[in-house]
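The same chain A turns up in both complexes below, where it pairs with chain B and then with chain C.
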Partner chain A sequence: MSKPRVGIFGLTSCAGDQLAILNCEDELLDIIGAVDLKSFVMAQSDNEEKEFDVAFVEGAVVTEENEEKLREVREKSAILVAIGTCACWGGIPASANGIERVELYRQVYDTEEDYFKCGRTVLPLKEIVRVDLSVPGCPIEKDQIIAAVGSLLHGVSPVLPTYAVCTECRFKENRCLLVKDDLLCCGPITLAGCGARCPSHGLPCKGCRGPVEEPNAASEFDILKEKGYTRHDLEKAFRTFAYSIEIPERA
Partner chain B sequence: MTRALVVPEISRVEGHGRIRVEISDGKVTEVKLGIFEGPRFFEAVARGRRYDEVPEIMCRICAICSAGHKVTSILAVEDALGIQVSRQTELLRELYFLGMMIESHSLHLYFLALPDYLGYTSAIELVPKYADKVQQGLHLKRLGNRIQERISGRPIHGPNAVVGGFGKVPEASELVELKEELKELLPAAEDTVHLFAKLDYPEFTKAFTVFFALRPKDDKFSFFGNGSIACSSGDEIPLERYDVVCDERVLDYSTAKHSYSRGDPFMVGALARVNLFHKGLTPVAASALKKTGWKLPSNNTLHNNLAQAVELVYSVERAIDVIDQLLEIGPVPEKPVKVDPAIFEEGCSSRVKPASGKNAKKPEDGVQTAEKAENKPNEKKVVQGDDPKAPEMNSTEGSKPGAGGSGNAGPKLVDIDGEGYRGIAATEVPRGTLYHDYKFDKNGRLVWANVVTPTAQNAANIERDLRACALNTIHREDDEIKLYLEMVARAYDPCISCSAHLVDLVVKRS
Partner chain C sequence: MVARTIPSHANIRLLAKKNLGDLLEVLGRWGTVYAPVEKQPDVYTFAETTDLSAIALGYLRTALPPKRFMYPPEERLYNFTLSKGFEEPPQSEDRQILFGVHPCDIHAFSILDLVFAGPYPEPRYFKRRRRTAIIGLDCLPDVNCFCYSMDTDSVERGFDLFLTDIGEDYFVRVGSSWGEEVVRACKDLFTGLKEGSIEEYKRRADARSRMFESHVEMSDMPQIMELEFSNPLWEELGEKCLSCGSCSIVCPTCYCYDIIDQFDLKGDSGSRTRRWDSCLFKEFAQVAGFNFRQDRSTRVKLRYYHKQIAFVEEYGRSSCVGCGRCIETCPAKINIIEVLNEIRGKKVMSHAG
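Let's look at the complex of A and B:
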């Protein structure tokens, strides 16, 4: 059997997920040996853009060119994997979705012209094309991307956590920063898989892995509102990495 | 060899670039380096956020120098809000920073630049012939990542470094382990200098270049400054007037006081730092540099790669020293220093106390302030160039809490016309000087931010070098010229994480 043809792509992002792949120093040469790496512009210059058995795509869709590129990659790929929270949920770039583009240009570039042709909503990949597998994280976790590659090489889907960061936090027997310390911790609504990294460092979860399926944002919102946080701060915090998280209008 | 554009050109500050060169009638008629500042609108995304959330967002501007953005952002917040951190925190931040330097420089040197000099298209291709070198590069890169992971919780966008200190201080045993690894790999770092000293650096671009770098404390080589920006021309600019150095708009209304940069591009980064401050290098780095016989200062910008290799040795050596200092202190467990709640109208650093009718209104005030600022499109210019507050701030020069410097002057609050607080910080990240400049309202919410990255500063100089390169190679084949142009751009390590492999070369002849 021939080696699977793999492509690794970046749309609008910090390239952190591609870098996370390059950061698999101990495994990198093995991984590269097991696949036929057709395209990885971050690491090589003679890239072939024909057909892919698996495409890994990082970043949010910010510009028209991003969208074109994504559609093109989708068409050429049997399996498309969204890597990183930008690709899965829109990430930080999408957190400005509530602000008029004209206003953004004025604030950052002192112009009202849509210079970069992104006068549109920033979107995650799944809003534009079919996504076969999502591996979120800001950035992705090394062990999860290795597991994903390993599983895909064997023709199966990897098993990734579906529960919230709170579950992992409990396993670690951390002190609850939300209940005990009244901190704005996004653990209850955020997808696990990071080993509750932030709470384990005594810091509240920022939600960088995006939400769990059907997050109970309303309940967390009420608890924090009760503790004295304002709607303004809570909306900003909940939607830092996933603009689409719904927050109740009441209260 | 044909290089195709693989990823769309438009992206972030460190995003995708494009070189466009036009040659007609044997003359170079147009040279354009398209590096677009990114449409992720970070400065706007961070607006309205509480001060302690800002570094967590800003570090995501870039993955490779995430630690640089994180630390610089924290320093700017602390500068604005008058937070003083412990010596231990300063040292841990420096160690975190050095981890980034080791990771970033080894990634660039071994995986992005080296293939050029040896005539290959990727490090993967180098493996059969140079397996030991590729392994050496991987080991150094892994070392940089391990340091970042230990100190900040993960190699990229580590959460542990926060305003006021660290969520959790690493254990002495972890530091000892890192120190052993650093000592083990110091020879590999030295070998990197020897390896890069042996390469052939064509002089496509040799021309007089102006270099800028933060002046380190006591002129000892460092990535943290003493509060002033040094120029190879001999000028010194106080940090607060960074706009004079790097705001291109300054050139439009330039007066005599910034004549050295008027219309002239300049270079920041490893070569600038090594050119200006190599005399202050640590012993092993100094000795490795001496063995190369390299004559400094150098105006050949390709030498930036060699300078990075020298900095790689410095970073490993300095990291060992920093760990020794940390082990002398303990390290002792400590919680991040809190902001004095009295400086906020709401009276609480991170949240509003129980929502009484009166307090419930406050956040909207915060938003109001932000909106007020948003409605002044020219404010940026005013603040940078003609801010009447600037001279006043200069008087506090020297109190900059550079993580590696003293940073022990009294607390400093810059009250902006009674409306809030402003803070500026700069560090030397892998690709050059990085500035973060923030304004907060009276409740510690960000109302305005300006971030100036090294690649944005270098862009004009890269263009100048590309022109020189095209001129000097004009009689060669197109593909060959493209290769050289790419090499020139790549030598700067433009923080398109993906370096110049994302550079789309269009050579047009008529």
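Let's look at the complex of A and C:
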């Protein structure tokens, strides 16, 4: 079996997911040994931008340049894996959607000019190109990226959790912050895989892994409304990492 | 551990409450003792301890049921390599002693026994079951307990020792030869029945029965559920349910699991893992290209239909033991007591029924 040619790319993001790959200390050599790493700008200097069997792409599409790069990588790659919540759901960059851009330029850069050419709606990769596999997380979980590489080496998709953070939270026998402490916890609509990290430390889930396939945001709103939260509170919480989550009105 | 029952009065002793700490210490020499502790405010778990001061004797329900000691939430079944084939990770042979198990959870073990003994016996479960001793403890119900309705409020078997609080002493029933061995080994801690202890035991049993606030009339329930297949209630529950699976994860009798195969990076090896699954998850009924239970309402309904109809047809009783865990856990406040009563057309839950 010839080693798969792999590229790791970053669009607009904090580079945390690429860093998470580099942080796979014990397994990093195995990963590098199992693949033919053609491009990883953040970690190596000799990069070849030809064809890839698998491309891992981090970050959201914020600029025109991002979109061009993404289309180029898609063209050259057999399999494209979105890594991190920005790539999968738009993440933090997309929380700017819906806010007047000029206002943001003024606040952040003290100018009204679109200096970085980022006036467009921020989008996750799947809104622009075909994505073959999504590995969300802010940042991604080490075991999941290793599982993804291991499975892709054998030509199969990894089995990643499709259930909610609550499921993992129950496995850990945590005191439920939503039911018992009336806190705004996004666990019921957020994709598991972090081992319910935040509730295990007594902090409500902020939804950093993005939503489950079918988030019942309407029901969670009903639950929280009873506890005194407003629609605005929920939108703010749910959309920090996934701008597209809607809270349907009940009939 | 659960073996031959010793007939009649020889199997009853008294344990002075002040001797409980010593008993725990002795038990610790026979195996690893797990007892209920309050891990966070109002959250209980079975944790390794023989320290009486750490044990929450008055606990009502642990977050996860004790089934996890026979059937862990996640378990590596095999490792595989090209050269060596399948290899099962070794399992401990040591005795584990579950102290403080309530009647509903003891019944739940008998239910799991039926399931795992089925046409394809599950060796891992029974291996753990055989090396597990069960020391039962009585309890006083809260509003979410309905074991009284499920006929699981008291136990006649399924324990090695069972302790009932009768004031100064525990009324100790010995349920197995191992239990008898323990009693014999710590003669000084136990005494025979005292004047009045039987009366006190009976008085408390009656008082406890009267404490149940929540009731479900279970007679003919499978038939009634069949008739209510199209009740709009299922749709309503589907609107509320978050598919979080918490209700089945905390259930002492839910046994569904998923199998996950994972290759590792070396390319010639990998592992097979078993993890608790839930029929509330959308993927549960996903087969190639089709999902049998696409809607949440059909999934919520399935949980009820499996426990109250399919299980009864196969094993002769409902697989719900009335422990109330799913009620306490559900973020959407879906309450099995209310659901079953509503299906029967009863909104009021009175003791007289």
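Heads up, the rule we're going with is that the second predicted complex is superposed on the first by the 248 of 251 C-alpha atoms of A that agree within 3 Å, B and C clash if a C-alpha of one lies under 4 Å from a C-alpha of the other, contacts with A are read in each partner's own complex, and residues count from 1 in each chain.
One rule holds for everything that comes next: a residue touches a chain if its C-beta (ideal position, glycine included) is under 8 Å from a C-beta of that chain, and two chains touch if they have at least 3 such contacts.
Predicted, not measured: the structure shown is a model, and the values here were computed from it.
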| item | value |
| --- | --- |
| Chain A as common anchor, with chain B and chain C clashing or fitting | fit |
| Inter-chain angle, chain B to chain C through the CA centre of chain A, in degrees rounded to a multiple of 10 | 110 |
| Touching partner for A:Val179 - first (chain B), second (chain C), both, neither | second |
| First (chain B), second (chain C), both or neither touched by A:Asp132 | neither |
| Chain B versus chain C as contact partner of A:Thr162, first or second or both or neither | second |
| Superposition-derived comparison: chain B or chain C, residues of chain A touched | B |
| Partner chain in contact with A:Asp233 - chain B first, chain C second, else both or neither | first |
| Contacts of A:His154 with chain B and chain C, given as first, second, both or neither | second |
| Least C-alpha distance (whole Å) that remains between chain C and chain B when both complexes are overlaid | 11 |
| Chain B and chain C footprints on chain A, overlapping residues | none |
| Residue ranges of chain A touching chain C (in the complex, touch as defined) | 1, 27, 30-31, 33-34, 146-147, 149-151, 153-154, 156, 158-159, 162-164, 166-167, 170-171, 173-176, 178-180, 187-189, 212-214, 216, 218-220, 222-223 |
| In the complex, chain A residues that touch chain B | 9-20, 22-23, 25-26, 28-29, 32, 37, 39, 41-47, 49, 62-63, 65-66, 68-69, 91-93, 95-96, 99, 103-104, 106-110, 115-118, 138-139, 182-184, 197-198, 200-203, 206, 208, 225, 227-233, 236-237, 240 |
| Parts of chain B lying in touch with chain A, wherever the complex brings them together | 1, 3-4, 6-12, 14-15, 36-45, 47-50, 53, 56-57, 60-64, 66, 107, 111, 115, 121-125, 127, 138-139, 141-142, 145, 153-157, 159-160, 162, 166-168, 335, 350-355, 360, 362-364, 366-367, 374, 377-378, 380-381, 496-499, 501-502 |
| Partner chain A, residues of chain C touching it in the complex | 39-43, 45, 62-64, 73-74, 239-246, 249-250, 260-267, 270, 276, 278, 281-283, 296, 328-329, 331-333 |
